[in-house]
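So, here come the structures, one by one.
Both of the next two complexes hold chain A, though its partner changes from chain B to chain C.
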Partner chain A sequence: MAIEDRAAPISSGAGNLWFAAPAMLLFGTFVLWPLGASVYYAFTFWDGFSAPRWAGFANFARGLTDITYLMSYVHVVLYILATLVFEVSFGLVMAVLLNSDRPGFALMRGMFFSPVVLSMSAGGVLWTFVLDYRTGLLNSVLKALGLGDWAQPWMSQPETALLFICLVSGWKYAGFYMVIFFAALRRIPKNIYEAARLDGANALHQFFHVTLPMLRQNILVCVLLAVMGGFAGFDLFFTMSNGQPFGATEVPATWIIKQAFDQDQIGYGVALTVILTVVVSLISIVYIRLSERANVTRY
Partner chain B sequence: MQAFKFSLAATAVALMLSTTAAMAQTEVRFTHSFTGGASRVALDTIIAGFEAANPDIKIKEIVFDDDQYSNQGLITQLKSNEVPDIFFEWAGLRVQRNVEAGYAYDLSEAMATDGWKESFSPSVWTDGAGTMVDGKPYMVPLSFDLTNTIWYNKTIFAEHNLTPPKTWDEFVALAKTLADAGETPIVEGNNEFWPLGNWAGHIAAMVVPPDEYVAAFKQEGPFNTSAFEKALELLVQLHDVGAFNKDMQALGADPAMATFFQEGAVMHPIGSWLVSETENLAEEGFEYSQFNTPVIDPAHPLANSVIGTITGLMVHKNSAHPDEAIKFLKYLTSQESQIAWAESGQMSPVAGVSEKAKLDEQTQAMLALMSGAPAIVPPPDTTYPVPVAEAFYQAAAYAAAGEKSAKEALVWLDETVTAMGKQ
Partner chain C sequence: MSRATERRRSPAEWLQFGIAAVIVAAMFYPAIWMVYSAFKTNREIFRTPFALPKEWQWGNLIEAWEVGKLGTLYLNSVFITTAAVAMCVLLATAAAFAFTRLEFPGRRLMYRLLLVGLLIPPPSVAIALFTQLRDMHLLNTPWALILPCAAWQLALTVFLMRAYFNAVRPEMEEAARLDGANVWQILWHVSVPMVWPAMLTMIVLNTIAVWNELLFALLFITDDSQRTLPVGLVRFSGYHSTDYALVFAALAITTVPILILYFILQKQVIAGLTATAMD
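Up next is the complex of A and B:
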């Protein structure tokens, strides 16, 4: 078919913009406008009630010297590292161990996945009952076993509160990563494992030299999900500790909520949010660039 | 067939009539934080009575948990397109803020009619009461709140031959006796900082010279002074004798109250609202009473003060139905309604109600405490900038938990207040 025989385009040039207009309008109204307004409020002193007063960069300067805010990034990094262990790595191990069609394995996968369907807030509240100092299940079991001295106010101690949040997060999300890895494992051709076995590879060798390389893309995606999810973490921290004790479990989101709403400093809270957005965006860009570079097929 | 047609027509007429009645009904939106307890029951009963007497008005309650209400719930509603006609507030800075932001309806005219203003105790209209701005009433007082008093388990006190202490030293000794006996002397649910913070604010007000106290909270002077250090040292003293529950910083205010009622601790410093929760949380026969924070420095002008405030209701300036809202508020603050309100464990601000109502022992004792106090100290977070008050509360928590010395906590406090700039 000759080029000139093709149907003429409906519109060309600037006329095409009319087709994009509805989407642009929605995007502008619900994304760009609130974003722009937020950035504006970050440069103001505003309590949410009275009229905003121009603050220049004062909120940002304060944020960059706010020890609790800066420490919240340390906590979130520790949390993310823990999620890589308790969620991604553990999910991977469970996916490999439960990758079988034998009877009962599907049920076990289902059970392991079940906490994922529970809301994070409900899970957090549930675990606060388990970890309660006076009436919690954990301390009750310790006392029943004659280990009453080991009973601790787990969520009131800076050295244990964050650890338990990480463990609960692992309980909640390891099943999610297991499902991702399980689906990927099922796509690895069996003949690769057969060839490895013929070459004398044992189970451990097969895991490190076949399974892991074949899951590389999935691992990169899971790590990205864990990192982004970590920075967005709020509900579990809010329900289990709300930043306590003394900021030991404070993450950027909980601190921002406190500043903006509990303490009526919405301008400052928005400035902290802008800083958080910049930090997360930079990390995402760097990570995506690095992972893209790592996945380029070289000839 | 004829009967069927008749019943169909009758149903249609009934439906039309009920629809018309519903359409004619004015809905007054009323937002508050009374989620449960005897006071909520009393409030619902009063509302039902009002609706029965005024079938053309429907009161729609929009209820939030206390913390959620004060943090996000109220502000979101005040700024929305569909504002509440009536909203609950704490007297003081918050009333002033609502007036300045244009959310408060001037009640001068309404108060001047039917002797409404005069029906309240005169003390609610004094300058320091926080119900008026520029001499105009903006809040309808609903309750006197004793912000903090020390509730104690009478049975456990009796078991250890203890009586309410008169001085701070006696109080510390009493806490030590209980701790040595294996009891948890004081339960505090401080994961939001305000429960201990309010009490610490009162302790500081009883120790720090008043001018110095006000200057610090207004960011016109430092917190790191010898007087404030002495105030926080008192909390350190309590910590050192093992007075506080170990999970203080993880425990919420409500679970702490439940712990007290379940005999998990002997004393619980919190406000007058504990009384209305007794029915829900305490076992039958649970015996308790309260005493004010003991005298610390007899020479201090506020040595025998109590900490308290007024809570009440405001009408939104943009209310769609201000007349109906005021009509309801007049009903709510009538003698008859207020007697029911007071009998639910609230301290009514309406004159003469306390004498007529059958008050329980606790409410009577609190009324006696408040009326006998030479001064009422307002809680810092309703009087001074909230970020400053919150920072003070956290410094107090540091001291009480033994995380920082009194001096270190005050150094941290001054640094924090300086960093936040003038509020």
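Up next is the complex of A and C:
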């Protein structure tokens, strides 16, 4: 991300501000301003209507001892780890599997990608019905296979609810990572594989010793997208369980919304968002630094 | 077509095809199941979940459309998405043009500020944004979604448009400059036609993002007549959680047109969504 890789400007002067000003005004008003306001409100007791009262670090202290809030980070980390398996890794495997010019493969790639364009709410509602205890597709399949005893109320058990949200997330997003890896696979020169084959490498060897190293950069980017997307995760959790059963699927975003809007504790909710912002920014900055360094030492 | 497609398939290729087909079919089946279940009665859905409907109940679709006021939801979504995407892509193109082709005070600082937007998840400002929109008297109007959605998509769109501008040498623009064109004319008549394909990609990328947006839509619009499709669908399935046929019908009405549009525009859609992660 070099900042200065451009040709000489075609014009200079303060008048040129007009080209960037509208975008910056919109961005400043609806992104930077509320971000700054959040930092202020986080230090106040505020119900959203009366005047905010200064609270010092009270909201933060409360947030750091709020068991549900802390557990929501455990859940979101589990979710992110699962997305690395069900989305990124599965997407990579499918990209290799669907990488063929034979008839049928283009259609299969299109079908595999299609859930990505649907809204999370449509996906969430659909899967709520697939996982329904009485009439859901999953339990019907199990009964049809003679495994009726395995049928479970998947979304109302703490042990399975989070797992199934992770699986649905995989269903939704594996296609996204598949097309990224697929595009990258197409750029790997064919003669590298031919050389590997001449050296006696089988398909598995080729995957681990040619494909993976060549996709290194793409994998790093995809992991970053999965981690950042995971922390922002809200839609699927809200649609499928909204924290239930017994808080087993509570993630930071769903808990924050409940604190702020259902309990009228705007100040406290905002403090929780500030903690979330700090956590996410720190993790992504450290990750970007580390992956840049890893590349420098590698090449 | 390469010669590889004319050769007969080897057993390994058949195996590859077979495994891929089973996985893809298993993942696509719930969508098909949803569509034909939309035409069944509740009793059929419960008794014979896999079977096709005995009689296709077109009435389900009409009932869902009317009960869920899906027409209103569609109109709201179309209006909000169109306005937000147009605003975002136009402003982002002008800004990317300024950041790559022009020099002005504060250029680097502005660009760096904009990059902050790439790091921050929307839930982080949702609450402060809510009180701000309330004070601006914008809650429950389309603008409560158009302005924040356009603003939140700006960072990524400028970032990607800037990369496109950097990939094209500014020779055309310089030539126009020498011919005496002013900067506005250059942007409009030279640069925009040049980066138009990239703008199209950004339109697709942002359309999908805004169309599917749930968090802001849920918080900033509480008036039923102003809601967008994703929120409307969640509410609908909440009210009618025992009327399976009706919910499936609403799901089918809201997803099938999107899927058809996707299969028609597949190339552009995939280019738009992968722009996020390439290069």
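Rule of thumb we're sticking to: the second predicted complex is superposed on the first by the 258 of 299 C-alpha atoms of A that agree within 3 Å, B and C clash if a C-alpha of one lies under 4 Å from a C-alpha of the other, contacts with A are read in each partner's own complex, and residues count from 1 in each chain.
Convention: a residue touches a chain if its C-beta (ideal position, glycine included) is under 8 Å from a C-beta of that chain, and two chains touch if they have at least 3 such contacts.
As the structure is a prediction and not an experimental result, all values here were calculated from the model.
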Chain A: partner with more touched residues, chain B or chain C: C
Which superposed partner A:N202 touches (first chain B, second chain C, both, neither): neither
Touching partner for A:P153 - first (chain B), second (chain C), both, neither: first
First, second, both or neither for A:L126, with chain B first and chain C second: second
First, second, both or neither for A:M94, with chain B first and chain C second: second
Touching partner for A:N191 - first (chain B), second (chain C), both, neither: neither
Chain B versus chain C as contact partner of A:V270, first or second or both or neither: second
Chain B versus chain C as contact partner of A:R62, first or second or both or neither: first
Overlap of the chain B and chain C footprints on chain A, listed as residue numbers: 48, 134, 261
Residue numbers on chain A that touch chain C, as the complex places them: 3, 5-7, 9-17, 19-20, 22-24, 26-35, 37-38, 41, 48, 94, 97-98, 100-105, 108, 110-122, 124-130, 134-135, 137, 140, 144, 171, 176, 179-180, 183-184, 203, 218, 221-222, 225, 228, 231-232, 234-235, 238-239, 252-253, 256-257, 260-261, 266, 269-270, 273-274, 276-277, 280-281, 284-285
Contact footprint of chain A on chain C as seen in their complex: 1-2, 4-5, 9, 12-13, 16-17, 19-21, 23-24, 27-28, 30-31, 33-34, 45-46, 49-50, 87, 91-92, 94-95, 97-108, 110-114, 116-117, 119-132, 147-148, 150-152, 154-155, 158, 166, 169-170, 173-174, 177, 183, 186-187, 208, 211-212, 214-215, 218-219, 229-231, 233-234, 237, 244, 247-248, 251, 254-255, 258-259, 262-263, 266, 269-270, 273-274, 276-278
Touch list for chain B against partner chain A, complex: 71-72, 75, 78-79, 97-98, 100-101, 103, 191-192, 245-251, 259, 264, 386-387, 390, 394, 397-398, 401, 403, 419-421
List of chain A residues in touch with chain B within their complex: 45, 47-50, 58, 62, 65-66, 132-134, 153, 155-156, 161, 241-242, 244-246, 261-265, 268
